[in-house]
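Each of the next two complexes has chain A plus one more chain, namely chain B in the first and chain C in the second.
The block that comes next holds the complex of A and B.
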């Protein structure tokens, strides 16, 4: 309906409710680990991960540790991790990346991957720190926890980031049924529509 | 139209939301099949064809079509339309962000989910990053009073 004339011609509408089955695996608590001391974690990441990477990029030097930026390169690494597999830290600005479909891939990928992934969800606004590291970061940064990465920082991050809970698909979740509110035109039961000859 | 009916500002007759849902069994059955399909896809990795996961997925689709039950877009996104395999990144599908525009405009970003059977699902994520389908917007959803089943 575009014109006012069409709007005035349209009859009365009635609210309807359609039952719909929601995805049982959308609980954010299961997917993203809740970090209690998120300020400390953000400060550690800023000073020991993003700042050295930004400095190395400015000076056009090699990064002090192995890091990957961008969705595609991170997904490729998690799908086929190079042997021997080393644990990784996956930093995600999940509050800044708006695309829900893109974000929904990450927690499942982290659980399914053969390498041990520590998922670190960063607070809102942290994505500005990623810009200095790599312009094509998409809100994701992966750091490989090998000999090049500081052991103390890795231990501090692991201490503050909780271990992932039980795999969500190993537990039966009850059906999440909700109603979608929509409208339908009200049909008058009075006069039947005359047949055109 | 009865005179006592409430009409809102848009001229829509307001009807209170029902407290229960008819044919709940179908929804419970579909939910169980969906979870079973995903479980088999993750746990039973020895079978390259994912036969059991696909069988449950096909069952789910058949029952959904026969009973005309609505599924949320978040469920439909995670099922392959061709082989009925549950799409799990890293296990049964390959997610990639592509951009085929000449000047690589961010608005042309596409999320491509390629299933093991090589079927592709494309989502234009760059056009509107905050896009949510109608049935996922909070203002259009009314939750039922309690949990469906304990």
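The block that comes next holds the complex of A and C.
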């Protein structure tokens, strides 16, 4: 018979997932880059990226630099970047987007993509600035860093955004070994295997 | 040889880590058929060790393909598209994120609500543009108001809760009620008291 003390000890324990998620191989806890000076970055993005795009949209003029809005167009651009590939800035309102599954593949796609992607996670509430640029933005904005985009702004953004952590499991290349056809003996459960003497 | 509790926990952590890493490695290096085996082995190990895994790992088709079991890597083995659908199909939301596994061709769709501000955030909007953005977004004010009314927005510490419990005893409530009934007596001398005598 167990005492009350023993029963309380053997109660359900809270499981922590840190060992699995903070695993140095998968590094799931550090997928998004941590921006220390997020206020400065937000102000730069607001004044030099979203405000010119919003102004161009209001005046019905062409955008001053190449930009893409919306999940589908951005994902398509990252999956198959047009040649010649130029580096891009991907601005994501990851704290304003409601669903986590929409954001789940974005940091991985940014690392896997053939073009150089600078992932910029914006602070909470920044999505309101995207509304003026394009109503169908889904919380994502991609700016292509070509001649049209201000180089000083690009340099400032790169300076303040840390480089993404290396995910070792994405560094592997597919092995050349394919499946080998092999056979195993079929043993029925009813018949025991005779012991060898 | 039996292990003590600490040794067992250490063993379980390393064991689970290794299984989880193998699942990730198999999706890139080996043939896709292997990743399903490794994933099953990982789930079995979690079951054997009585671990409750986070929802995004166990969730159907979010991180791993539900059919072949490979880790979803955007741009490598999964094609993701966001589609607008009617409300009935999207289960309350109005968009659907569809994942198409490029290894096995399995299609999986997730209902997604349109991008907006998270409800009951409880945190102020970061950045110098806070007030201007708040005025643009009535959703934040309403959510915060409802959160504070319901007590969701506030986070009380254990110490505060214990203090509250202590104060809400029957004797305390009675004494508080009696105190409210009696008029407050000031510690200073009153001229009227002397005149009555």
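One rule holds for everything that comes next: the second predicted complex is superposed on the first by the 139 of 197 C-alpha atoms of A that agree within 3 Å, B and C clash if a C-alpha of one lies under 4 Å from a C-alpha of the other, contacts with A are read in each partner's own complex, and residues count from 1 in each chain.
Criterion: a contact is a pair of C-beta atoms (placed from the backbone, for glycine too) under 8 Å apart; a residue touches a chain by one contact, two chains touch by 3 or more.
What you are looking at is a predicted structure, and each value in this text was computed from that prediction instead of being measured.
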- Message: Just to be sure I read the superposition right, which of the two partners does A:105 touch: chain B = first, chain C = second, or both, or neither?
- Response: both
- Query: Taking the superposition as given, does A:55 touch the first partner, chain B, the second, chain C, both, or neither?
  - Reply: neither
- Once the structures are superposed on A, label A:46 by its partner contacts, choosing first (chain B), second (chain C), both or neither. second
- Please work out whether A:180 is in contact with chain B alone, chain C alone, both, or neither, and reply first, second, both or neither. first
- Task: Kindly classify A:123 by the partners it touches after superposition: chain B alone (first), chain C alone (second), both, or neither?
- Result: second
- Can A:63 be said to touch chain B (first), chain C (second), both, or neither? neither
- Message: According to the stated criteria, A:154 is in contact with first (chain B), second (chain C), both, or neither; which is it?
- Response: neither
- Determine, under the contact definition given at the top, whether A:115 touches first (chain B), second (chain C), both, or neither. neither
- Query: Which chain A residues contact chain B in one complex and chain C in the other?
  - Reply: 15, 17, 19-21, 23, 25-26, 71-72, 75, 78-79, 98-102, 104-105, 108-109, 112-113, 138, 169-170, 172-175, 177-179
- Inside the complex, what are the residues of chain A that reach chain B? 12-26, 71-72, 75, 78-79, 98-102, 104-105, 108-109, 112-113, 138, 167, 169-170, 172-183, 186
- Sites on chain A touched by chain C in the complex: 15, 17, 19-21, 23, 25-26, 38-39, 42-43, 46, 70-72, 75, 78-79, 93, 95-102, 104-106, 108-109, 112-113, 123-129, 137-139, 169-170, 172-175, 177-179
- Item | Complex contacts: residues of chain B adjacent to chain A | 1, 7, 10-15, 17-18, 21-22, 24, 27-28, 30-32, 34-35, 38-39, 42-43, 69-72, 74-75, 77-78, 88-91, 94-97, 111, 123, 125, 129-130, 132, 134-135, 140-144, 147-150
- Show which residues of chain C lie in contact with chain A when the two form their complex. 13, 16-17, 20-21, 24-25, 28-31, 33, 51-54, 56-57, 62-63, 72-76, 78-82, 97, 110, 112-118, 121, 123, 125-130, 133-134, 136-137, 140
